[in-house]
Amino acid sequence: MFYRETGQFKSKYKEELAAFPLAEDKVGIIILLVIAYVFIPIFGIPGLPFEFTMGAIMIPVFIFTITTLGLNILLGFAGQISLGTGAFMGVGAYSCYKIMTIFPDLNIIICVILSGLVTAVVGMIFGLPSLKIKGFYLIVATLAAQFFLEWAFIRVAWLYNYNDSGGIEGTNKEMFGLIVSGPQSDALTRYFIVLTLLVLLTWLASNVIRGRIGRSWMMIRDMDIAAELIGVRPLTAKLSAFAFSSFYIGISGALMVFFWLGAAEVESFDVSHSFTYLFMVIIGGLGSITGSYMGAALVWVIPVLIKEIGKTVFGFDAFIMENFSIIFLGVAIVVILIVEPHGLARLWQITKQKLRLWPFPY
Amino acid sequence: MSEKNSVIMEVKNINLRFGGVIAIQDVSFNIFEGEIRAIIGPNGAGKSSMLNVINGFYHPQEGEVWFNGEKRPSMEPYQIAKTGIARTFQNIALFKGMTTIENVMTGRQLKMNKNFFWQMLRYGPAIDEEVQHRRRCEEIIDFLEINHIRKTPVGSLPYGLQKRVELARALAMDPKILLLDEPMAGMNVEEKQDMSRFIIDVNEEFGTTIALIEHDMAVVMDLADRVVVLDYGKLLADGTPAEVQSNQAVIDAYLGVPH
Amino acid sequence: MAENDSSLDTFPKVLARNVSKFGNSPAYREKEYGIWQTWSWSEANLEIMNLAKGLIKIGVKEGDHVAVIGRNRPYLYWSLVAAQHIGAVPVPLYQDAVADEMEYILTHCSATFAIVGDQEQVDKIHEIQDKIKGLKDIVYVDPKGLRGYEKSNLHFFNDVTNFGKDDNGDLQAELSKRMAKITGETTSVLLYTSGTTGRSKGVVQTHKAIIGASSGANEFDRWSPNDHIVCYLPMAWVGDFMISVGQVMVAGACLNCPEGADTVQMDVKEMGPTVFFGPPPLWERLKTEVNIRIEDASSFKKGAFHYFMNHAEKVGKKILEKASVGFLDRLIYSLGEFIIYGPLKNMLGLTKVRIAYTAGEAISAELFDFYRALGINLKQLYGQTEASVFLTMQDDNDVRSDTVGKPIRGVELKIAESGEVLYRSVGAFKEYYKNPKATQETKDKDGWVATGDAGYIEESSGQLRIIDRAKDVGKMKSGSMFAPKYVENKLKFFPNILEAVLFGSGKDKCVAFLNIDLSAVGNWAERHNINYASYQELASNEKVIEMMKQHVEEVNQDLAADTTMSGCQIHRFLILHKELDPDDGEITRTRKVRRSFVAEKYDELVTALYKGDNEVSTKTEVTYEDGKKGYLEATLALVDAQTYMLKEKSDAA
Amino acid sequence: MEILYAIFIAPFVEMGSYPDLFIQALWDGFVAGTLYGLIALGFVLIFKASGVFNFSQPILVVLAALSLVSFYKMGIPAWISVILVLIMFYVLAWLVERLILRQLVNQDGNILFMSTIGLTFIIIGAAQWIFGGVPNAMIVNELGFPSGSLEWPIFGGGVYFEMIDVSAAVIAVIMIVILAVFFSKTKIGRGLRAVADDHQAALSVGISLNQIWVIVWFVAGIVALVTGIFWGARSDVSFALQIIGFKALPVLIIGGFTSIQGAIIGGLIIGLGEKIFEIYWGPLLGSGVEGWFAYVIALVFLLYRPQGLFGDKLIERV
């Protein structure tokens, strides 16, 4: 309905290969950016307290979107299943913590990026089995990673500087004279940093996916034998996928602790979280960037709202609402699988297609 | 068309076994540069296995593969692809999650090499590379007359077209040798004619050497320059279509097999 | 505006002007390799010049006839222009012409060179080569499949242009010498009429004529260099030549060539032309398509569609013609624009269309209004090959489906006492090639040209109104007027009727042949689950015949309303067992019925109709696509149709 | 140097010098192994019959134990509670078939697998909601299982056999025998086997696919109950139990997804392996290694025999 594609012809491949070849889509994205950068910071979400909006909805959703992007790159684009996401976020978080303690004056953003790189390396190591082990069996390898790392986060006291709490926590960090992280930091500042990182990482991801490397991932995913006979080297393809994916997951882990929770213990990275992130990917839609956004938002926000509404409106106690939201997640996943195994992204795709063909059905 | 007598590929005394099962038994033959070479034989004769040996998917227990006049060391399939051997598959092996153009682009992977950094920015060298190879793929798409399905997800294409897209993907590799595993399996007469025409065009326009497996004798006879006949993993005959057709052993083998 | 600059009387001058004035703006585009390859005027000029030199090099002489055959591609349009530059005469041919038609034209104009699109055309020419003496060499654009061919008299297009590129100066010299000789009076093109009657005639047009007519038309509809059009109609057809070469070059606009025959609609949508030319059948097809696709849409969409289309029919035309419309209506219309009209135009690729033309045949008011209601400025125009097309056109705010507009600049009209329309114009042709007799018959010494159409100028609007082909207009036994085309058009306005042929000149009653429209009737049949294997089977179905009967009687009703025409009511008709087919010579490539030919060929059917039999069996020769001939046998039902007296009609209404 | 000694010599010296402890370790490992085996068995049953990798098996164990205890706490006699639990599981099996499996029929394996993860969450949420999250003690004695332990004095030291463990082992063995018989002898059992390879065959036996699914899920429930009782007896009955469910995965990798005996043998390998490693090598790394050691075993296994102990080698074709 909104689409007027007539006359949007391309006379160069560059135009054709652009991220959003259709003018309407460009406009849409710009509107979204304006909302994210201007409206929400000023007005928040109507009907919700500002602090809550930032702390309980926007920031975590952005962070988990990064996580989901990461997992989606691995699972959705490269077709390598992983249940180690939680632990890999842990790697990001702990390594960021160490980096900050070792280089106290290093800019925190740099620390975050570096921790992403560390995670990438760890991810590659645990990705090695994927060369021999295919499909479903890979779950074992990744679970091994999950449990080993969980164990390491407890046993290796060096990781949390031998403090008795056994956890890690952020201290105030300044950037351009502004406290960006730690207890004193302002939610809005953190919001902007996280948002900007998200936008940046999304852009990078979409670039890689559309290019040579992204293609090699999808080749492995769709038909690994054919891919190899065409000249894709499984080693590089799979490991690069693990690395790139872990890079994102690591960053999200670091952000989660130092731009959202402020402090964390091993529980924040256990296997049940791995599942939640898996849900985000599946509900959002395998192999779709848009889906990663939708999945993360839905899986995070709905339970939060359920709890909030249950508490404030019906006055249920937290425990009940907690369980209720768990059930909701379970139901959501089953329903999605039944209705549209390709997730919300596909539903969105279909709607978009309908809009493009409007008023015709085909 | 290039002079058809310089050997580009030769297999010598290939033996291939799976556990106890003997797939290929002491088979030798060669392929001339620029020719269309057919491998025929009843089901289970070891034709596909032969292709799999040639492009390194199977490693024969004994035997040598000579390519461009030198003995080929044992390599991984992806390395062999680099040496200029492309193939299509008996039951189509397209990348279902991609469109036609994307599938064809995968054929250019080997020729692209811009690093992760540029890939992430999708700028400068990376995008230039993309564009340059896209152009080549478009030419092939045009050549095989699949322009109208350029942006269609391959999964939704009719069988005949999928086969053609697969051929396009293989061509995109600018191969020295093109292996076609039953390019016309399950096609109706018309589609077969088209496909044969394309195979000949490819061979003429690009001078590509082609080795193909085909059941339909008639087709093989007007397509191929020379024919190898396999039966139960053994070499039954080797020669021009005419020679092969008149070969008693071949006739028996084919009469022996219900078709 | 450049158009008025009378010094621009030759295409070389026009091209030079475009290079100097719009050098960098796009001139030609072609969808190839997935994107629109683009040439600016300067780039195109370079191509054309090199090609021209190359043609000189391979021996094209001044005055030579150069045949141009193939689908719409820039290279072939350049060939036309290049030929003009070297004083040769381009002769565009229909690419789907069968070998012997080609042979006729090539021998008639004794073409010495042919520039063709691809292998198919080369093969066709080779097939007839020995019969056509004059033809020396062939230039081919697409080398695919030609690798193995014997090349002595074959040239690859790029090689020819390369001759031009690595010219050491002599070619340039020769070219300049030749260009200097070209004047407005020089022949610029030889166009073959589709030949409604007998063999087609070669119409000789000068540079001045083509440019004059084009600039007249451009001026009338304010063409600008920003206009771009998509060419998809046969290059050999005068209309395409006038638009794609004449108007585009004169206006300095941009010509866009689709990727191939089967992608035209897609490509039009991508390109979004600002000016669009389509013959009535195309507009008909588009509308049918819209209706069919809407049929399958959800009930909500269907509802919205019908609601807003009704509203559009009420106010759409008024709004388009800037007439006064109530605020609420405007509001609803603009809502409709967003929800239905806009998307619809977008799907049809007509969003950016500034002017759309229909011509060649009459168009039904209902069809015409459908598009205008959507806000598409669809207009009639009237013209013919001999006039370089443009004679009359319609002002934006004075558009009607039953008239064809006012004469444009440089055109005088007068009506002969026979009722035939005569004109005198800049675009008027020089002569029929090698046919002085015909030339004299059509063009008198004062330059008045007979259109061959009967018509009159409406006092009220001053617009021209065409009734029928002059020679077809006859008298019936009763003495009342017999205007077959007029009636046939009324019939053809029914989507279900593809073609109709009316007989009755000198007889006391009229009878008709009908062709059903396979796609439309086929759809109808599916919806009423009538299954059919072939055209013939569907055509002989009782339900279909019944439907046709109703159509015929409707036509009879409004004929009865018109005193002059009431005599032409159809008493009996039959549905032909085969579609009228250019390959059988029954209609022209532009789908004009060859009346006399049909009358002869199906004489037995006509007599049977008049004899009053209830059915007749017949055997007809048909030509298949591959040129082979075969026979078709069938038994046809002969149907009586209700006719009306004036008074009956009034109470029927 | 010391490190090499600590790794390659010391543990064995210790085994040799304190054989009673070693035997104790073996026994504990054996019991753990059988229980791992039982959980794996639950997976195998469902996978065999419906090709579904039922991720919710561990939570079924928890559900069984938890509901059993809770029913008892409501004052229902122990054995009645057991029956109630069984009924509950039958209903559950029926619901799962109706609401999930039937909807996803002939979807590919991964999707079915994901759906069981969803199911897991639903059960967790519901179970916590209804039974609450607090740990309970399993009602061993009430069910009439012997308590206490026998001591077997040997090598100067002594080995303790917890009665409950003994009965666990016994019951486990009995169950396996029953199931083996059930699968090979009974009509339904053969039907179930058939389903795995080919649905038509199953129908020919005269049972509808849907029935079969209900049955296997029910049987898997029974297995879960047994497992639940004994795990509950060894540790507390709480949601922490599900974590041991993850152990089933390595077991399956080793034993193969479709083989009953595989499940048991795999279970034993893991059980013994991690116990021994924990006791003799664990200290080197700081304890708690059994959290991941099982996976390492499985991983090593996969790298050498990707098809598992009882699977057969697959030839890739193109």
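Should a chain be cited, it is by its letter among A, B, C and D, assigned in written order, with residues numbered from 1 in that chain.
One rule holds in what follows: contacts are C-beta pairs under 8 Å (C-beta built on N, C-alpha and C of every residue); 3 or more make two chains touch, one makes a residue touch a chain.
Just so it is clear, the model here is predicted, and its values are computed rather than measured.
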Those chains which touch subunit C and also touch subunit B: A
Farthest-lying chain, centroid of Cα atoms versus that of subunit C: D
Between A-D and A-C, the pair with more C-beta contacts: A-D
Mean-CA-position distance for subunit C and subunit A (Å): 58
Where subunit C and subunit D are represented by their mean Cα positions, the distance between them in whole Å: 79
For subunit B paired with subunit D, centre-to-centre distance based on mean C-alpha positions, whole Å: 49
Subunit A and subunit D: spacing of chain centres that average the CA atoms, whole Å: 33
Residues of subunit B whose C-beta touches two or more other chains: 57, 89, 93, 134-135
In subunit C, residues with contacts to at least two other chains: 34
Subunit D: positions in contact with at least two other chains: 316, 318
In the complex with subunit D, residue positions of subunit A that touch it: 81, 129, 132-134, 136-137, 139-141, 143-144, 147-148, 150-151, 154-155, 225-226, 229, 271, 275, 278-279, 282, 319-320, 322-334, 337-338, 341
In the complex, subunit C residues that touch subunit A: 29, 34-38, 269-272, 293-294, 296-298, 301, 304-305, 338-340, 342-347, 349-352
Interface residues, subunit A side, partner subunit C - complex: 1, 3-13, 15-16, 357-362
Subunit C residues touching subunit B - in the complex, by the definition given at the top: 32-34, 144-145, 147-148, 259-260, 262-263, 266
In the complex, subunit A residues that touch subunit B: 13-14, 17, 204, 207-208, 210-216, 218-219, 221-223, 225-234, 240, 287
